[in-house]
Each structure stands twice: as structure tokens, then as C-alpha cells.
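As written, the chain order gives the labels A, B and C, with residue 1 at the start of each chain.
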Amino acid sequence: MFDTGFSKQLIVLMDEMEANEDLKVAVFESANPDFFMAHVELLNVADFPKGTGKTGLSISWPDIAKRLEQAPFVSIASIRGRARGLGSEFAQAFDIRFASKEKARLAQVEIGIGSFPGGGGMERLHLLTGRSRALEIILSGNDYDAETAALYGWVNRAIADDELDAFVDTFAKRIDSFDKKSLASIKAIMNERTQLPTNEEILSTQVKFFESLQEPEAKQRIKTLFEKGLQQNGDLELNLADRI
Amino acid sequence: MFDTGFSKQLIVLMDEMEANEDLKVAVFESANPDFFMAHVELLNVADFPKGTGKTGLSISWPDIAKRLEQAPFVSIASIRGRARGLGSEFAQAFDIRFASKEKARLAQVEIGIGSFPGGGGMERLHLLTGRSRALEIILSGNDYDAETAALYGWVNRAIADDELDAFVDTFAKRIDSFDKKSLASIKAIMNERTQLPTNEEILSTQVKFFESLQEPEAKQRIKTLFEKGLQQNGDLELNLADRI
Amino acid sequence: MFDTGFSKQLIVLMDEMEANEDLKVAVFESANPDFFMAHVELLNVADFPKGTGKTGLSISWPDIAKRLEQAPFVSIASIRGRARGLGSEFAQAFDIRFASKEKARLAQVEIGIGSFPGGGGMERLHLLTGRSRALEIILSGNDYDAETAALYGWVNRAIADDELDAFVDTFAKRIDSFDKKSLASIKAIMNERTQLPTNEEILSTQVKFFESLQEPEAKQRIKTLFEKGLQQNGDLELNLADRI
């Protein structure tokens, strides 16, 4: 889960990666085979780190997402298990996404609490999938397997689960064998050539997202989900898209 | 066929849907398994409703297409049978498209009469498929099955024909179970974030489309097609893309 | 290989095609089944035609790529064998790309010499594949088969090798049966509606590309590749993406 602890550790990690001038490629994967990242923690919102980061966006997540995008190193998400809500938005901020054909499940489940993606999903998902498929995903809150996600462009490619780790490892080592300056130039030129979310857009959606959580319907939906087992190990979290 | 009667009924239907503040999702499907929508009626063009609608675009179709796009409810096309010419453009104006794997056939056949899509296809198809595939589709006038259309992004997904109705029904009911205000917010934010056709573009192509129909080559091609069975039940309409 | 001879012949061919007012469709294919186009010649760079073409871009390639894009006829690449580096960029400049399912291999191998695509690939590939997949392709230098390339949008479609020639021939003859003026209108309108590379972008990347070749690391990588058989018939060129 993207909780306060993870949020704080992520700032330390991002600072370290940016400070490492030799870093060419970073791979993010989960130690828990059932979850790449469940979703954002909803109980202790007040404890999340606050303030504005060096990008002009809120810390930690919106700031870090933009730092990943602008970084001179290559970021890769290796997705096994569930990546829902902010878990999916987390994956979207990486340069490249590979997903387990059998075990990845992606979803934007925010509609289930009477809301919508507030951590970049309204800005980044359509850049990967186009408007129509982004609407389908966000309006339905459904789970998507890796092959459908690859057809939609949400992930780069679906890889057989027993090959995923070796595939990603080979891919990352290959990039690591190339010239750092060239890798950085490619990202810098590509960032100039392609549409990227603006700070204004990210901030506007973020404000609307927090407002939506104050609506009576959202409060009721969140309450009901907690009663059914939200943020606990078990059926509800494993099958969250089916249960909303 | 998109004829004068359908055009007039569509205005009534759209007015009703906009007036219904509880409406969350609308599914369009065809009662004729061979045709989602054949194409536009070419004989009685003078009888079509005329004037400018509330969007600033011509009634009925260009105005209604934009109203669907801007509507606070979700629109879904369930495509079984042929969707050619304006039938394809009709489908493109919905938020989401699902198509029968075995029975959907999509085409922009206007090149067969020496013309090009005049009802939004020059503005919307490339937003779904990209420039290269939109050119392939419009320049060739070929039929495309649902799986190729899904690969291209023309439809969201191809669904086995015997599962399509249940799939779309489940999908629509799921959306209907969510909060209306959130659904509307998602569409409104997405419309701000993504490229949509401008009125100027739609009008410019519409003018060129009607001009192209006055060319001697277009008149000859249309005459020949009517002699072969255009707008009649039978082989020509069933296999129009092959016959042009 | 895109060498000085090919570069000069291409100018003559392009002039002829533009002068032919009846030309509706041009298909480019390779007589060598192993290579659609290997890559750019690196030894005799000084002998390439120089100057600025009618589009305001350098001759021959950047100018010709833009002329193909703006041409009133339809251009189709039929890709069998390897299309790497400028070979891939060459294919990207056509309106439509079909590729052999078994025999096409596409790659942007420039990272292998400490560089990046300098002939339009930084401007055109992401328009076909989106940012994330373009980054994957350019940062890795990997070979891609036709089905993965079609999933990514790099080519329009993968066609079984024993059907490719007949498919492309039928497709081209079909377009040739239509009205020239309508075909030209479709391309002209589509060029207005879609994002295309600007001269400023193409020129900016071209300058950075030639600068990158002067870096010590690039010189060393190029020297090593020539020692291993670059630009000679044999294993290195056949398996270039694996060898970089």
C-alpha cells in the first residue's frame, strides 16, 4: 500500500537516485507476489509528508512522479500482482512498464469510492491508452489483465510470469551497458517532443480529488468498504475491483 | 441507414437524454444483426433536418456527436454487423465502443464514391488509431473486423459475439451503480485533458465533403453504385467495401 | 544500406514521383529478403549529398521524408527483413507500413554507438507508438518482430510472409482504382488534423546526432563494431541488435 511510511521512504530513495550520477536504470518490483501496489492508504491521510517539492508539485507522490519523468536515468516498472488506484498511477509514472501475463491486475478503482484518480491518472493514463480506453478504465473501475493492458497501451508488454524476472533483468542490464549521456539525451529529447502533464493539470485534479472525498456519497462508500475489509489482508483487497 | 427519419428521431432522443438528470449511461445497439448502421442515405439529402444546433454545429449529426462527447452521461456503442461510412462515424462519437468479434465490420467507404468522411471521421478516427492507420482505413475503404479494429484502437475491444450482449449489459449496469457526479466529473476532466475535434475542423471538412459530392467522378460513382443495388437489401450493401 | 548512391538515387526517384501527376500510390520494398534497409552508411559520410531541399530540411533524407509526408500520392512500405536505424526511420516516413510476420525485424540501434536516431526517429516513432514504447525501443536498441511492432503501432499490421506481397499488391491496386483528387484531399486534411514533426525539431535532433558521433565513446563503439564486421555481409549485420 502507498502509506505514510512508503511515501517517506520514496523521498529518500528518489533523492539517492538523483544524487547517483552513475545510475542508468532503476527497476521497481514488489516483494509481495499478490500486490505490485494495492492503492493509497485512506485512514492516516493527515500523516503523509506535506509541502511543495522541487518540481513545484506536492510531496511526496506528485513531485516524485515528475522527478521520475525528468530524471536522466531510465525507470522500469515490473508489475506482478495487483496495481490498483495509486498503484496503477505509480506504474504510469515510470518510463517503461512490463507486466506478468498471468499475475498482473491493473485498475483505477476510485469510482468505487465516488471519486477518480487524483495522483496523475487523469493526466497520464490517456497518454498511454487514448481517451476512449482511459474513460473505459476509469469509469468502470474494472480489473484489467496484462494482455488487455498491453493492447490498450497501459503497459508496454505482457510477459509470461515465469519469464518476467529474467526478461526485465536482461532488458535493464542491456540498457546499463550503454552510454549514460546518450540515454539521458534520449529521454530529454523525447520529453521535449511529447505531451506531458502540466503542473496546473496535476494540481487542478488533485484539488478536485480531495474535494470529492468530502462528499457524503464518497464518505459512505469508503465507510462501507472499510467494514468489508478494506486495507486488510483478505478477499476484499484481493478482489477489490469486483467488490466495489 | 442514417436517413432523414433516423436523423429526426435522434434529435428527440438526444433532447430526452440530456433532460434526464438521472441518466448515467446509454447503450446504443442495432435491432438488425447485419447492420449496426449501414451508412448515410444519399437520395433524400434535401429532407434532412437543417440549421445550427446548440453546439454551433449543424443539426442533426455534427451537433449530436458533440453533445454526446460533452454529455454528463456515459455513451457506449455495442457494434454487431456493418458500421460503414457515417455508421462508423456514428460509433466514433461514443465514449466507448465494444464490437462483436465474429459479426462486426467497420469501414470508411467514402473513397468509393470519390469522397471522404464528412461527419467527423477525418477528425475523430485518427484520435483513436493514429494518423497512419486512419490513412490506411480512409484511403482504402476496406472492411475491418473487430480484432483488427481493436488492434488499431478503432474500437475499445473485440468481444465474442455470444458474450457481447451480456458483457455490455454487465459493463453498463456496473457504471450505473456508481455516483453520477463522479462519472460526470471524470468525463469533464478527460475532455479538458485530451484533444477533441474543434467546430472549425468539423465545419471545414463538412463543406469539402459536400463539394466533393458535386464532382463529376463522384456523381458517376454514386450513380453506378445505385444501379448495382445501393440502399437496397442485398449483396451490394452486405459487401459494400468489397464492391466499391 | 542507406549509402551515398542510394541517397542520390532517392532524390531522382522523388523528383520523378512528384512530377508524375497521375501517380496515386507508391510501394517501397527491398530486393534483398534479409534487409528492408540495414542502416545508414557510416564510412563515407562526407560523400552524401548536401544542402537544403525545397522543404527547408537537409537533403537528401530529411527533405525527402517530409516530401513523402506532404505528397499528393500514398506511400506504402512493405517490410521484409531487417529495418534498423535509418532503415526504420525510412519506413516511418511512409504513410502506411505492412511487415512480414516471420521475416521483418525493426530496431533503432543507434544507442549501440552511443547515439540516438538522427533521421526523424526521435520525431516520428512516438507519433506511432506513444512515448513509453518509443523510449523502450530507442533506449534498448532491441530487435522487434512484426507482431510486437504492430501491437506498438510501429507498423500498421503484421502479415504472414507468404501473403505479404499479394496483400500489398491488392491494397495498392485498390487505392489506384480510386479518384486521385480524393486521395490527395484525404492526405491534405489528415496532415492538417494530426501532429507532424516540425523542421525545427528535425534540425535540432540532427545537430545533436552529429555532435554525439564526435564523442570519444561513440568513436570507440563505432570502431569496435567495424572490427567485428559492421557494413559487411555476415553475422554482425544479420544480428546487429543482439551484438551491440
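Definition applied: a contact is a pair of C-beta atoms (placed from the backbone, for glycine too) under 8 Å apart; a residue touches a chain by one contact, two chains touch by 3 or more.
All of these numbers come straight from a predicted model, not from anything done at the bench.
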Angle of rotation relating chain B to chain C [CA atoms, steps of 5 degrees]: 120
Type of chain A:chain B copy interface by residue overlap (half), same or different: different
Length of the line joining the C-alpha centres of chain A and chain B, rounded to whole Å: 34
For chain C, residues contacting two or more additional chains: 151
Of all residues in chain C, those that touch chain B in their complex: 74, 95-97, 127-128, 150-151, 153, 156-157, 171, 174-175, 178-179, 181-183, 185-187, 189-190, 192-194
Chain C residues touching chain A - in the complex, by the definition given at the top: 111-112, 114-116, 122-123, 126, 130-136, 138-142, 148, 151-152, 201, 205, 208, 212, 215, 217-218, 221
